[in-house]
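Following are the structures in question.
Look for subunit A in each of the two complexes below; its partner is subunit B in the first and subunit C in the second.
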Partner chain A sequence: MGLFSFFRKENKQPPVSLRDRGILVFENTSEVIGAENVLKKGGWRIRVMGPPPEIRTGCDLVIEFPLVSELEIVRTLEEAEIMPLQVVAVSDGLLEPVNVFFTTDYGDFLMVQAANMKITVDKRDLTVVNISGGGCPDVPYLAAQMVGRRLDQVPEPRSIGHTLCGYSLQLAFEEITRKCLP
Partner chain B sequence: MSQTVDARGLSCPQPVLMALDAIKRSQEAEMEVFVDTEASRENVSRAVESQGWKVESIATEGETFRLEIRKAAK
Partner chain C sequence: MFALVGTVPEHDFPLVCGQARVSEQNLLIDNHCVAVNRGTPALLATAAKACAFFGADPPMAYLAGDIGRGGGSRKVYAYLEQILGQCRYESITFHYIQPDVDWHNRVLFAVENMHPRPVLIADAGFMYAAKMSGQAAAYDVFTPDMGELAFLADPEAPHPFYTRGFIFHEPYRAKELIASAYAHGNASRYLLVKGKTDIAADENGISDTVSQPVVPAMEAIGGTGDIITGLIAAFTGLGKDPLTACIQASAVSRLAGKLANPDPGTRVMDIIEQIPDALKRFFEEK
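Moving on, here comes the complex of A and B:
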């Protein structure tokens, strides 16, 4: 057990303020998604965010984490063979959350948008009828895998996507699932 | 072609919803759908095919795509 394993339990982690956060910068969005999965499974209180402009490197997402847990988080990622490009202390409040949703009710259909991605479901039979937005190369694949299938039977975008669009779609998927499934 | 869905000028997902509504309500086994973006063309094609319809042809007329769709034989 590492020195900071104490902080792993979510209810025991100290509250995070602007001054004790750090961000993990990765080479691509697939790594961000992979790191998020690993760290959340480990019980870490982390969030996927948009990076401050000064550290944008091509990947539009970073992981915010409690700085006090840096060593063990980095070690956890090393064990999972997902190494961040940079580990940076956050000195300002420029991070933007990406989990802002817009919901539109079209009567028989419900659409949820997260960032640049939209998912639309037929409320009568919970079938996914449309995936749109993005412009990332994996969007047609995501749509092909999800359209025409019931919301509770589609693969999660997190598991089949590899881009920022896949990540945004995962957030929209989770939100529409919350709204449509008991 | 007796039934026409004109979804030009509408943003996603509205063209898809219009096409699906028309499929569900119509007694016809074929119809034409007009859209004016490539994304709508792809999304409508995917959606109607998921409902057991087939895209018979796609014609481009200026900025308009005309999709001829037909209910697939069972």
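Moving on, here comes the complex of A and C:
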């Protein structure tokens, strides 16, 4: 299961009470992605979310976690050398990331859109032919690294991206991979 | 003279300020050569092509390398904060920059010291920061696509990644989303919403639409939105009013797309190469 499929599965689970949840705030999105990898490998039930208004700076993600496990989670992150800037209880609603995909079939080409990012693949040889949308600076970089390579040989956006646009592209990448690769 | 501000997707590209020219498939700025794939290089190449067509001075570029960590963006922000008060531009277009509300505010403050005040255009990451700052109304033009329009319409969303039920693939909702963006103070003086039909709007609603020629493959091609914004930058920089610039940029970019006869795998430079011909045809017809 892809890392980001978590969001889609989460919709089918009972709603989570926010009273027993906390959020981990990091310096940048790259650290959020790294912490998410570490904590999910450890089996923690966490979610990557949008921050509450009082701590937004512009292009942010936070990790929502079970507050009761704060000590162990922070220790796990310390061991991985990914230290959060803040650990706070959830006092306001967090924003849900996008979980809807749109697909356009151009015949020989297939395009998948997640949030503001689109990825297009040539169905004949599974080459990534275009990446469009987005506004953060890693988007042109991701496009430069991915376009022209086969879908099963490209670096995943989560491994080289740093921003929310990179995160959106990961979602689109996982969806188009699911559609195109057996 | 007009200025374009953004980043290039190279980690070690230095802070550069200089006039941008196109040579073959590359962009030349202050002895630096940049490949034109998409993003700010596509914006600059488009504007440079338009300037060359009209016999005008090339656009001034403010660039640094940034692959998403934000370091290059902060260099650009910091430099602009220092120098804009001494600059004179007809328009400034802000583009692929790491969204950062604090730095955005410092740059906008520096713009307020410019006399005369330039036309301000924001797209991509800088538009996200402008909306988040609550100072969208200080801008003359935003150029969102439908997903970004949903983000502008949502008073809570800090990034298009969070759509909160705004189904952005429903173009018939554009009127509603535009109204919401203006009602919450999250829109510039004019909006050009890029899509299957390009929509120009202001606080009174939709004023103009451009839907011809239809080139469906352009939606998949990275950088086609940058072409539109680059043309708006050039047209305002050459003295056109922002609304006219938006409408003409939309039409010319569609014409360039048609001339390139693209498929979804076409590279944006193949369309940019058609801009002089598209400009010639558009203004000859007018």
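Note that in this section the second predicted complex is superposed on the first by the 156 of 182 C-alpha atoms of A that agree within 3 Å, B and C clash if a C-alpha of one lies under 4 Å from a C-alpha of the other, contacts with A are read in each partner's own complex, and residues count from 1 in each chain.
The definition used in the following text is that a contact is a pair of C-beta atoms (placed from the backbone, for glycine too) under 8 Å apart; a residue touches a chain by one contact, two chains touch by 3 or more.
A quick note: this is a predicted structure, and the numbers were derived from the prediction, not measured.
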| item | value |
| --- | --- |
| Combined model on subunit A where subunit B meets subunit C, clash or fit | clash |
| Which of subunit B and subunit C A:Gly161 touches, first, second, both or neither | second |
| Greater residue coverage of subunit A in the superposed arrangement, subunit B or subunit C | C |
| Which of subunit B and subunit C A:Asp122 touches, first, second, both or neither | both |
| Partner chain(s) touched by A:Ile23 [first = subunit B, second = subunit C, both, neither] | neither |
| First, second, both or neither for A:Gly50, with subunit B first and subunit C second | second |
| First, second, both or neither for A:Ala144, with subunit B first and subunit C second | both |
| First, second, both or neither for A:Asn130, with subunit B first and subunit C second | both |
| Partner chain(s) touched by A:Tyr106 [first = subunit B, second = subunit C, both, neither] | both |
| Partner chain in contact with A:Ile33 - subunit B first, subunit C second, else both or neither | neither |
| Stretch of subunit C penetrating subunit B in the combined three-chain arrangement, among 81-89, 117-125 or 261-269 | 261-269 |
| Contacts on subunit A seen with subunit B and repeated with subunit C across the two complexes | 106, 108-109, 111, 118, 120, 122, 127, 129-133, 140, 143-144, 147 |
| Residues of subunit C defined as touching subunit A within the complex | 7-10, 37-41, 66-70, 72-73, 96-102, 104, 123-129, 132, 145, 147-148, 151, 156-164, 167, 169, 216-217, 219-225, 263-266 |
| Complex contacts: residues of subunit B adjacent to subunit A | 12-14, 16-17, 20-21, 39, 42-43, 46-47, 49-51 |
| Residue ranges of subunit A in contact with subunit B within the complex | 106, 108-109, 111, 118, 120, 122, 127, 129-133, 140, 143-144, 147-148 |
| Subunit A residues touching subunit C - in the complex, by the definition given at the top | 28-30, 50-51, 53, 56-60, 95-98, 100, 102, 104, 106, 108-109, 111, 113, 115-116, 118, 120, 122, 127, 129-144, 147, 161-168 |
